[in-house]
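Common to both upcoming complexes is chain A, partnered first by chain B, then by chain C.
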Partner chain A sequence: MKRILKMIATIISLNKDPMPVAREQDVVPFRNRVKEYAVKIKMGLVNQTKLITAASELVRNMLRYGGGGEVLIEVVSRGRDSGIRLTFKDDGPGIPDISLALKDGYSTGKSLGLGLPGTKRLVNEFDIKSEVGKGTKVTIIKWANG
Partner chain B sequence: MDRIPILRMGPFLLVTIQVDLYDRLALDLEADLVKMVSKTGAQGILIDISAVSIVDSFMGRIIGNIGVMAKLLDAETVVVGMQPAVAITLVELGLPLKGVFTALNVERGMDLLKSKIQLFEQDETDPENDSDDHITE
Partner chain C sequence: MGVEITKILKKSQAALLERWMKNQLADMGLREDLMSNEDLRAESEELINALVKSLNEKNLSEPGSSDFDHVIEILGGISISRARQGFSPRETGLSIISLKEALIELLQESVTDPKELVDISLKLHRLMDSFVITTFETFIKGREEVILRQTDEISEISTPVIRVWEGILALPIIGTLDSARTQVVMESLLTEIVESGSSVAILDISGVPTVDSLVAQHLLKTVSATRLMGAECIISGIRPEIAQTIVHLGIDLSEIVTKATLASALLYAFKTLRLEVRKPAVKTSF
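Coming up: the complex of A and B.
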């Protein structure tokens, strides 16, 4: 039983596709790439839209606050589920207080402060790690049937 | 450089967004539309987003801003043709696009704009004349 549970919980990466995003013009091709993978694993249209919107929010954050970085696009599977995992990594200034950044309506920029909390609502799994002065890494997973 | 064309039709300005929006393009559209309203004295703006597959918080904000800015110049804004998946995503994101009128398609959007303008022209003579597909407040 333990072994089965462990198997279900293990997320296997099937395909890795790193993509640098350094300028605003890279955003549209990046979104299209994410969409291609989502279509490939037969993700429904609503989930596709949520995933791409979340990706768009995070990539904007990465450009605006982190000065650009790299996104790793992965097709992942866990048991019978397949999904897309996106890892956004930048070498920017980092976020001093993550819990504050995750609060609705909080922003240091000129935005509405919906980016991070909104993104969290759109995806199935959301993880953020940040170190001041070193950079930020955000990982999200959207399951095809999630 | 890319630009989204703005068409003039009588007292209205029509915008059909056919490409994937990135931030610069959306900001340019905002500025162009506001300038155009001021230049032409247009009373209504109709924005067709039926070909737009994603609207994130930034683009949502721009759309909302266009509505508010146009209002300051005495023009109404109607957003039409939103895809169902986009509507679901916007609400979950926490951005219900307050402040702009919406309609299901271009035809209903035009009717809504016309009724808005007539409403203002007739002043308080006909307060009942309300369309069924507007969202506000």
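Coming up: the complex of A and C.
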């Protein structure tokens, strides 16, 4: 198998699997694919559920506000830990105020406003970069024993 | 103008059919399980008749010509029926490709000049290839119809409302709860509440794999609508991992009665309705 070594804070990516998400119907197959990888690295049931729920939130955000995009599913390792890293990238309108978007209960749509802040609580590492007019990139990592 | 393909074809139409039948049988072996020899022959004969009738010197090099509408119609019929009968795409494609082979073989015997033979078979190839592609397109369409029908069936069976007791309804939700699904669930639940005069409804989410904030929002809406109808709504089937996830997400379900299992939800409903389930007192003597 081709090993791609990418050194970001000694996190090594072992496997890359990009998946385009363009429609509502792609959400369930995407969640199933994330689950497959989580099971493969022996992630516990609770962490699996947290990861899948976080993935579900972000992919819905991407569809709703970013008009779809691509998700990169990676199996990563850091020392003895292994985990899943998901990178959500869209070319949508972007988020003008990220700290406001990360507040509980804030929503420009009619949702509960828990998507971004909730996701942040569900995963181990959370990073969001957004540029107005260009798009948004959200990266999350969930460690198998995190 | 050298060879007249129409004349050759008309003259040896019967031979063409025999040759094609032979080719078809050699290619796929006769799928007696799916189709009888007679049916295959009848189908083949119909197609050859239509082809010979519509083919002339002019439209030989125009596969898109409207002269072939009837042929394409028959081809479509054949491939759709084969898709439904369970033939593989390879078998369906091969059977049309073998007609092309039969035609070329026939020309090989009738046309002696090599240059003319190449010329005419090139045209014939182009025409028949276009027919093969048509066959595939219709084959795929036939399969897609099957898939669409199944999708409809799945969404129909997925939302039953069950009267578990006088005044108690249960609604097991299986699969993902999206906006369209919620609408169906809510509608059937509210109608059933009115019809049965029930005062307690149990929403069981054991079969929902992921509860994210959108699903939670849909659940909250269903519960509020049920309350407006004057019934109490209990959510059951909350698994431990789902409970932890909901807490981390920050979804507030404290306003709603939630239970881990359908059994405990039912017990709660009995209490609300002042009903009691008891073992009959054991009688020592008869």
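The working rule: the second predicted complex is superposed on the first by the 137 of 146 C-alpha atoms of A that agree within 3 Å, B and C clash if a C-alpha of one lies under 4 Å from a C-alpha of the other, contacts with A are read in each partner's own complex, and residues count from 1 in each chain.
FYI, contacts are C-beta pairs under 8 Å (C-beta built on N, C-alpha and C of every residue); 3 or more make two chains touch, one makes a residue touch a chain.
The model shown is predicted, which means the values in this text are computed figures rather than measured ones.
K.L.:
Is the arrangement of chain B and chain C around the shared chain A a clash or a fit after superposition?
P.N.:
Superposition check on chain A flags a clash between chain B and chain C.
K.L.:
Please work out whether A:Gly146 is in contact with chain B alone, chain C alone, both, or neither, and reply first, second, both or neither.
P.N.:
Touch status of A:Gly146: no partner.
K.L.:
Identify the partner contact of A:Ile52: answer first if only chain B is touched, second if only chain C is, both if each is, neither if none is.
P.N.:
Once the two structures are laid over each other on A, A:Ile52 reaches both partners.
K.L.:
Once the structures are superposed on A, label A:Pro93 by its partner contacts, choosing first (chain B), second (chain C), both or neither.
P.N.:
Neither chain B nor chain C is touched by A:Pro93.
K.L.:
Looking at the overlay, does A:Gly68 come into contact with chain B only (first), chain C only (second), both, or neither?
P.N.:
After superposing on A, A:Gly68 lies clear of both chain B and chain C.
K.L.:
Would you indicate which of the stretches 26-34, 44-52, 134-142 or 242-250 belonging to chain C has clashing C-alpha atoms with chain B?
P.N.:
242-250
K.L.:
Both chain B and chain C touch chain A; at which residues?
P.N.:
Residues 24, 27-28, 31, 45-46, 48-50, 52-53, 56-57, 60, 104, 111-112, 114-115, 117-119, 121-122, which sit in both footprints.
K.L.:
Which of the residues in chain A end up touching chain B in this complex?
P.N.:
Residues of chain A touching chain B: 24-25, 27-28, 31-32, 35, 45-46, 48-50, 52-53, 56-57, 60, 104, 111-112, 114-115, 117-119, 121-122.
K.L.:
What residues on chain A touch chain C, complex-wise?
P.N.:
Touching chain C from chain A are residues 24, 27-28, 31, 45-46, 48-50, 52-53, 56-57, 60, 104, 111-112, 114-115, 117-119, 121-122.
K.L.:
Show which residues of chain C lie in contact with chain A when the two form their complex.
P.N.:
Those residues of chain C that touch chain A are 176, 178, 209-214, 216-217, 240-242, 244-245, 248-251.
K.L.:
Spell out the part of chain B that touches chain A in their complex, as residue ranges.
P.N.:
20, 22-24, 53-58, 61, 83-86, 88-89, 92-95
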